[in-house]
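Both complexes below contain chain A, partnered by chain B and then by chain C.
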Partner chain A sequence: MNFKCKFKRQFLSGPYMVWIVGFILLPILMILYYGLTDSAGSFTLQNITAITEPIHMKALLLSLKLALLCTAVCLILAYPLAMILNGLHLKRQSFVVFIFMLPMWMNLMLRILAWQLLLSNNGIFNTVLESLGLAKVQLLNTSSAVVFGMVYDFLPFMILPIYNSMSRIGSDVIDAAKDLGANTLQVFLKIILPLTVSGVISGIIMVFVPALTSFVISDLLGGGKVLLIGNVIEQEFMQSMDWNMGSGLSIVLMVFVIASMAFMNAHGNEEGGAAVW
Partner chain B sequence: MAKELIHLSHISKSYDGTLVLDDLDLGIKENAFVTLLGPSGCGKTTTLRLLGGFETPDRGQVFFDGADITSLPPNERKLNTVFQKYALFPHMSIAENIAFGLKISKKSKSYINDKIKYALKLVNLDGYEKRSVDSLSGGQQQRIAIARAIVNEPKVLLLDEPLGALDLKLRQDMQYELIRLKEELGITFVYVTHDQEEALTMSDSIVVMNQGYIQQIGTPEDIYNEPCNAFVADFIGDSNIIDGVMLKDKLVQILGVTIPCVDTGFGEHQPVDVVIRPEDVELSDPPDGFLEGDVASIIFKGVHYEIEVTAGGYDWLVHTTKMYPVGTHVGISVIPFNIQIMNKPESNDEKAVETGEF
Partner chain C sequence: MVKKISGRIYLSAIFLFLYFPILVLIVLSFNDSKSRVAWGGFTGKWYVSMFQNTAIMRAFATTIQITLTASVLATVIGTLAAIGIQAMRRRGKAILLGATNIPLLNADIVTGISMMLLFVRFTRLGFLTVLVAHLTFDIPYVILNVLPRLNATSKSAYEAALDLGATPLYAFYKIVWPDIRPGVFSGFLMAVTMSLDDFSITYFTKGAGVNTLSTMLYTELRKGIRPEMYALSTLLFGIALLLLLLINFRSARKNDIHN
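The block that comes next holds the complex of A and B.
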């Protein structure tokens, strides 16, 4: 390789490098700086330790609880769905995958706003309940509504990696297991389940992380009554204008995100997820 | 002769309206090495999958040891399959792969360990217990697939083109290996292949199939020396297949010349297919021989030369150990014993032969 050629090729990655430095690296450094200083600019750990304040702790625990709940519901829904999908005839398969993906191409905000209307006191669900002579139910502005919105939003991210890992199991491997005497349940427990673990793990990461950090869904469907750590951080930045506190809490949240990803990655390689991104 | 272990009775099977097997009837004897041979799409793999229980026939029954097993699921059949692409379980070690069937049938730990050792020894892979599937070559994976099947002591081992993915040398080694295994185990092998050489080398009995019909069943010698129709003759080894007319018993006319043969009972002035193996064609200096022609091409094949001679308007394929340069004027002769006469296809069954891929 001659030097000139090598240099020119590296030059091509220039715009991307600018993007990374300007919009990913620099903001992270700024968050680290703000998070570790006070308003006067001197070093402090106060913004980090602020997570132990009851209101912040409560928001963090609620976030963890709702994110776990959302992940669990997604997993319970997605695994059988992926199995059904995998069992379909090939032509129909791609169509059904397309149907699942369709909502993902619409703006998140739009979809959540639609749910806000549907779940509201005068929304379609309560109208139906009323016409049946039943009492109205408070749907909007509850934790359940937030979890529901998250599940609705993140379900495809659970289905696709599981479906991917499932579709990669050759039919002859299943046949071989049956041939060696395994019944349907044994085929599932000894072959299908172990071979889809990697897909399940990527699915969990891809649902749990955005669910943990989400604030738009809780904002719109929780109506300010469901305060997640994401909402707290947003308020610190937007309402209190306390960038130091917001950054400090962001660092704590980031640690949780990285820890959960590291934990999951340690329990299997992430092959299932790569196919989705 | 040994008793019949498997019987496929009047089996028909179609996929999406395409008939794959039509009224197939086949018996397989105990301890035989039976090969289903035919071009792709001839129904041989479907036949094997019917035996394994992965397909159910549209019509007909499958009998095993006298019992009707047509609707028995694969996990309840006393036979095991070696799949074309090995189909090893990628998340298990070699030992776990081999132990799979034994664990399912709840054998004791010491029994399983003994069996793993025995099976690995049998396929010449002792000490591979802890290895992962990925770390093995194709040939090794195939041998593990065989080991995994035979530890269950099946009465019949079904093999679906097990050597298809291996290179030539390995394939030949594995052929001997399989023959040895069959002798040692003393069980029935049903082997599917499209490779006629493989079939001739290993089988006790060959079933030649085309387009869902059985064309001929016989020993390798029968199939090669006495093919019953033009398809079999063409599929098993190379052949010269020439349109001819049977003038009377022991006299046939091809390409305008009348030559003696040994076949009788075809009637008089009956159109027939005349099959002559390339190694049976003798070249000589004209005017010897019943036809004269010119050498069109010559290829060195190692043991022999493959020569194409244009004579009487037909391109003759000739195998000979003597070298004839292109353009040499030669005479062609064949001794009567080496001329095979076959009826032209008449029924629908036989017509399938003619529309084959070859």
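The block that comes next holds the complex of A and C.
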């Protein structure tokens, strides 16, 4: 009887297993197939090695640079914010999630458009600078604007996991440390920081990967002047119609995503990836 | 005291950063001028004319259909999957959770492209392909929201109910369901949010003629946005705000009663 029940319960994930095979694993096999063949269907590594071409290499390096910058800025902004939020001792933590998820209900395209308006040469940002007697800054269509947009879009994904891991630290642990004579800095370095590492790591992954692979933000805020690897791939598929080349470059991108995740997981505990929210 | 005040200032600055662009868009939706930079006086006319614009209404309908269908189905499949995964041995659990993380952690552009390659080979791109793609990235959110709740439920209470003669379904409904309901609900909400906000995956898996609000806006961004789009988005945002406040308020009151 007991055995029967157990068998039945596992059976419930049946539809999902079919889904995994059909729509998660099979598509990845498709991309591997296209990436490793030429347009005639015979095996080649040319689409992969195409990454070393100067245009592609430049886009990849720029993507890495901007993604690292964006992740660093997000971390610097989010960590103190998580501490402040945690210090409010909110009874209902779901409210914090709610506040950071809500902007996503305003379409991403429009939110980026709003930044286009704000950052433009006659936009509010420059008007404020001017009224302060400072010189105008060319922001729109530069890589700074792209990083700015990425930070804006991905910041919640850094805040929530850090806040989550911080709110799980019992106040008695901190009280105990204080009773034993630790000062604020020691409490931070010896207790809060180590206990939030897993949150920081999931935050870094959740920000770095989308920043590395984004193509919309760079398209709209970079004005076509900031070419990231995501833009290159998008153009291969939608404009040049070279699906083999696009797939080959996607494989390279996937390798970078997997490598960055492996790197982060090696430096943290296994809790990292799954405890997103 | 100084620390508290500077904390509040920092908090407000971040909220300003996150919500200021939204404020700009709301203001634009009431602007009686097609210009994005000049204020032409207050008007509500875009809120009327958006209902007469068939292209916008069609994109809106498609967005809602895809979002709701994908989220509801993802919630059902994901909840069932989570229950099954929890009953599995370590190895099976690890494999399934690993596969669940793929769409979450993989780049959107790669997920979109890989699905497009699959769909183009076996069928034609259209409404259905977008729906399948959305389901694929929605299900993991449901599973990751339900699973921790399931792990926290007491196994012995469920088994006791079975021993006392309850059918598995009845025992599930009476014992497990009340515990996992908040997880199922937040999983659903997250699926709705992700579907509604998605651009990249929809962009690659949609067929010609199928447009969601995101893909429609993407093409419009180059030639100029119709002001009705601001109005529609403001309306959507307002509805979401209202709904979420209501939910939060209701469950907050429930908590107070419980305490």
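Basically, the second predicted complex is superposed on the first by the 227 of 277 C-alpha atoms of A that agree within 3 Å, B and C clash if a C-alpha of one lies under 4 Å from a C-alpha of the other, contacts with A are read in each partner's own complex, and residues count from 1 in each chain.
Here, a contact is a pair of C-beta atoms (placed from the backbone, for glycine too) under 8 Å apart; a residue touches a chain by one contact, two chains touch by 3 or more.
Keep in mind the model is a prediction, meaning the values are calculated, not measured.
Participant: A:Gln186 contacts which: chain B (first), chain C (second), both, neither?
Facilitator: first
Participant: Is it chain B or chain C that touches the larger share of residues in chain A?
Facilitator: Counting contacted residues of chain A, the larger count belongs to C.
Participant: Which partner does A:Phe237 contact after superposing on A: first (chain B), second (chain C), both, neither?
Facilitator: After superposition on chain A, A:Phe237 lies in contact with chain C alone.
Participant: Contact residues on chain A for chain B in the complex?
Facilitator: 170, 172-173, 175-183, 186, 190-191, 194-195
Participant: In the complex formed with chain A, which residues of chain B make contact?
Facilitator: Result: residues 52-54, 73-76, 80-81, 83-85, 87-91, 100-101, 104-105, 145, 148-149, 152 of chain B touch chain A.
Participant: Under the stated contact criterion, what part of chain C meets chain A in this complex?
Facilitator: These residues of chain C touch chain A: 7, 10-11, 14-15, 17-22, 24-25, 36-37, 77-78, 80-88, 92, 96-97, 99-111, 113-118, 121, 132-133, 135-136, 139, 143-145, 162, 168, 186, 190, 193-194, 196-197, 199-200, 204, 213-214, 217-218, 221, 225, 229-230, 233-234, 236-237, 240-241, 244, 248, 251-252, 255.
Participant: Within the complex, which stretch of chain A touches chain C?
Facilitator: Answer in residue numbers: 5-6, 8-17, 19-20, 23-28, 30-31, 34, 77, 80-81, 84-85, 87, 91-92, 94-95, 97-111, 113-115, 117-118, 122, 152, 155-156, 205, 209-210, 212-216, 220, 230, 233-234, 237, 243, 246-247, 250, 253-254, 257, 261, 273-274, 276-277.
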